[in-house]
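Read from first to last, the chains carry the letters A, B, C, D, E and F; within each, the first residue is number 1.
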């Protein structure tokens, strides 16, 4: 159940409205990496997370905070878009918002794309969702940074700095939640990859380009057991496709298997013990 | 420049076609986490990566391999959908593919949604893109695993096992590329988060639910300097919003700053030294 | 600012899961007239409603309640979709949710369409938004009714009956809010329609069809000053297009003009008096 | 069956083309509340309305007129966009229309979003559809008003004033059609809401905001039997969820039940009597 | 201006409703190659075709006929979907249409995708648009054929045969209109392709596949001046990129240049002579 | 299987970046008629073309070349968009690309619409697909022409001239492939249109408009056996709907029936003879 408190999580004050900047800010309201996307991604992951009520709590804590951020971004945008209502030249900064939306904020990005759930990454596999969330927070962080770089208004900068800072907070929490599962970083789900071929780095792009591009070497070809393999087209051996021989069970799913389950969890019947999440500091 | 070799990267053989399973397989052809999404995400990131030609090579190697995977998945789907062309009952498994597409494969997911670039996560910030790619590979891995769990056909399983294995390979490479940047894991871009408030874990979801939900504790509240803060609504102190005071430069961008630049890189003028990526084994 | 209480607004209990019905229920989660659409439409209208803080409160009360409904619908769907995770035949009821979503709820409708902000109707003109909301509530009501008609499970019916009932509650509130503006029902905005031509009902569909269709008469041709006009093509006089002669100001905007304004309202400077909304019973 | 008459319903004449305004006008051609949306919504509602041939005639009369409006808006836009074809600076006002469309009109809105049937509200329940249409006409009216406010060209204003006026005409007709059903305004479909809880106005947004926001009172809390209820979170009693006890039939569907049916109507077998719609003036 | 005649262009009669087939038929109502797509594509091309009023008449004749076809397809679908309203198992054939749409027809395809203007191909270049239309008619023809192949109901087959036949009629007309422009078939617009490189057929796919695929030869490599060129990657010479040297004007635009212009045509000032289209039989 | 060669198919050099033009160029990267659309359309048609391996080779040759073009267009756009990264005024040319994409190229068109597979025309019927491709190439040609007309930069013009020229090359090849099937131009699929009514050109648009529009005559009414028919509404006889009487088999499918089949072709069992495509010059 949700409750709305009329106070904004961060009080917004701006100087002179800047309609072109207000338009840019829509990226964080109705855009692909914006606050609604974050709120919906984490909240729905949380609702689905019936196998691990502790990490469900985490997902709902952060999902709810992102809704409060959406409200803050909305207030900031409205202040910057205020001139749209009365000024023809300002209106040209966002004709959709002006003519259809009356100058208010709406679930569009800076180019008027309607928000879509296609932006969300929700798989129902906890460690995968946490990885998606770490990536999502890093995207939101860089977007706020770019917005800060495009304005000089101190009140606007402070609001964006607040929001940007919180993304790093969330990145820390999602990273800690992932690490506390104590899984192998390359273990996903319950099936194992096929040995041998899993370690072949395939060199599918070769030659020399006009900008200095060429075949290069780096740890991404040799770490974690990897070694490079060239294509048969360029005289190499190609991938060891002969290694594949049916599915291989036995991947480690980590601490989530012993998490506290909701009664509607598919695993609740089998495992009723309470989760005791280690709370070691870092 | 691209070249197509008529041989499939993995030779597909199936037993009896299974049209409902063929429909499910579309998730990995035209779906949100499918092979076209992977190919386009990495390839376009690579084209944009003018500041670090070594990791651009990585992005193009893997992006190109994903195109070859798309072709393999397409061949597998076509075999399973073959009965659509002639059998009314089979046709009901996917009327869109049957009636509009003549029973062939197309860029739709299992529910007929047309593939959209909204699935892609491309920011032009290298470490952020690498995080998005690690998450994308883990999503693709779990999707292949679920597909394997929904079929008994050995030839189909082998094909999917091949594809699933390669996702782990790519996860390793992207992780190695990110780590080789030698950045603080919570450093993104060039602006720092505000100290103090960055370490406050906000408890926005409280109370007890009917499925055992309650406020729980875990390392996500106390790791990496974090500590929990309650909302004013539930008697807490709320976030330290007063900490915010303008933007703070000085974040560390890691090894990419010394990467080999293309002449069209904005940073090429300032930095012409060749990248020497460390190739230490792990 | 938002807060999440872990208790559901309505405790959901179901008997036997029914995956095909769970799929239908997605209409009210991620569908065009579902709970997220309601929550977002009213909430964003509320955030934009800086000219009338009293009706803003109404919009936020109901917008927030709809978020709580979204959570209830989500819980109901999860229970019905539970067999998707383990049963191949069940999985065919929704391959997208099974394969990509791991059997959890997501922002799709029953045919897998991703939720889009194109579903929302937000204009920033208060009386128009209230009309859109009355219509939206009536749509949500009929959709819940149809869902109730497609299940026999008592626990499911009770949950849907709860949700359906609340739509009527909201229809009452939005209707009262519109009527309390004390506006002419055909007065919208500040420009008047052109007299004469505004009262001409144009008969653009004529003849006899094979299902009994013919030109019919009804109050919609003769109420509120209307009278029918035939097309020149069928021997009539056509519309009085000559009546049009420039714009005509002077439409009545009702009580909202004296509503309490936020400082960021464009009209706040001109009107600082507190709104005294009449609270007469009906 | 449709016929096209080459004469425009309103002859368009403009002075100097204004490409930025032509771009704004696209809102009423390919936009969410534009003429195609209106034409399709009413026409398809009419095709589906086999239970009430009299109101089907109404829906087709207005649906067809909206197609004629689409043509008028298209002519107006083409005149304003004419410079796109030859002038680079003009072209920047709408690169999509210029480069892909050759400067002609197309089914996009002012920000280039392709028209989508997601804009339509069609439920197949007559009184619900009429409410959606009243709301749709009020939205179209305010959009035309805003367009008129953004141009000084007399010929353009007259064309828009014509179109705006007709929206009010249609609002009158749809309102009369709804009222002539002689239904309770809060009766939708055939199932009744649960007594008791249907009258509880839930106060889900509380506290004080920085713009003067606070808990306010208005007729929307006390009209039509309503009374306010506070959340348990803020010390109230919460909703009377215990009132719910199964579905309750018996809602009044009004005059449509005695309307003239098409032979393909599900109700045609049971009711063959001719509708005698009252034509009382207002 | 449009007029609606209540009589259907083809009277629809069916035997037993077939809901799964009704669902398939949606492809031609709200699908990518359906009747609305045809109606909108030709009509809007026609409205834009101010440079050639004779072919504008053609575009509007056919565009209007397609609207009448949309109505016929709609009637056919409604008859097949009638059981959706009352039968739970039938409802599973299209839950979206049942629950959200009340069993009526709507602008969706068979998989529930909302119709989008992205389906349309409108360029404002007459010969290009005519080519797009010839292709569109051939697509609609094959879709009707597949639908006919999926039903045994004689009344349904006759309706589809009528509609399929008309697509061939339109293909003839569009082909005749294109040929009557008397243009070189490879002349588009006003700029010429670069000689030399325009005749190089590039062999970008080579090798042998497991299904018999190999490099093959055909007239597409040697007609109209073409000759094959191999890639440098496979030992060939590559394309003669050195041939390119600026733009080359002088392409022949055919009879449209002497077509009768509307006064709003950009070319109207320069060319006022009436078009005399040759009407030679074929 | 694909291989990437780091050398661009055409080396791009530009003078001064022009961000507004870079934005326009996105039409050919992520736009409806752009290079990804071409690459995907032909490639997927090719993968599905198991009945005619020779023309499959053609489709894959050209599909692969279009991928190389996508890379060239991407390089051109990046050079023009380079100032977005550092210049606020430049950023306003494309806020989405700047803020969300970091100034890099992405799969959007000039108005920020995400690329969608709805742009593709893939039917699995070879001659239909070839017609769609001829039309697609002509559209791409005119789009490149318009882009050339909007820039003065010689390096940019050369790149675009290269790409435009190749579209004509492909138009030639697709036309030759269609003609080499040696089919009647109005024969599609296996069902014949109904004689009589197939030759009736229906005059659905009549009257006189204010721009000189009137009923006109042209070869499109009288070629290929056609003759004009007027609507009953305007005193004509209407279409000969009585001609329709069931389906009529016997359409000629041309040389594809004797094409070399893949083993997965539905027709492979029946036809194993090698295709001998005539290679007559033109």
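Note that contacts are C-beta pairs under 8 Å (C-beta built on N, C-alpha and C of every residue); 3 or more make two chains touch, one makes a residue touch a chain.
Fair warning: this is a prediction, and the values are worked out from it, not measured in the lab.
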Graph distance between chain A and chain D, where chains that touch are linked: 1
Comparison of A-C and E-F by number of C-beta pairs in contact, larger one: E-F
Between chain E and chain A, distance of the C-alpha-averaged centres to the nearest whole Å: 40
Between chain C and chain B, distance of the C-alpha-averaged centres to the nearest whole Å: 36
Residues of chain E engaged with two or more neighbouring chains: 1-9, 11, 32-33, 50, 60-61, 63-64, 68, 100, 102, 108, 111-114, 116, 118, 123, 125, 142-143, 204-205, 213-214, 233, 264
Interface residues, chain F side, partner chain A - complex: 1-8, 11, 88, 91-92, 94-96, 98-100, 102, 108, 111-114
Of all residues in chain C, those that touch chain D in their complex: 3, 5, 9-11, 32-33, 50, 53-58, 60-65, 68, 116, 118-119, 121, 123, 125, 127-128, 131-132, 134-135, 138-139, 141-143, 145, 148, 154, 157-158, 161-162, 164-169, 171-177, 179-180, 185-186, 188-191, 193-194, 197-205, 211-226, 233, 239, 241, 244-248, 260-264, 275, 277-282
Interfacial residue positions of chain D with respect to chain E in the complex: 1-9, 30, 36, 40, 44, 47-48, 50, 60-61, 63-64, 67-68, 71, 74-75, 78-79, 82, 85-86, 100-108, 114-118, 120, 122-125, 264, 266
Interfacial residue positions of chain D with respect to chain A in the complex: 20, 23-24, 27, 31-33, 109-113, 142-143, 146-147, 150, 204-210, 213-214, 231, 233-234
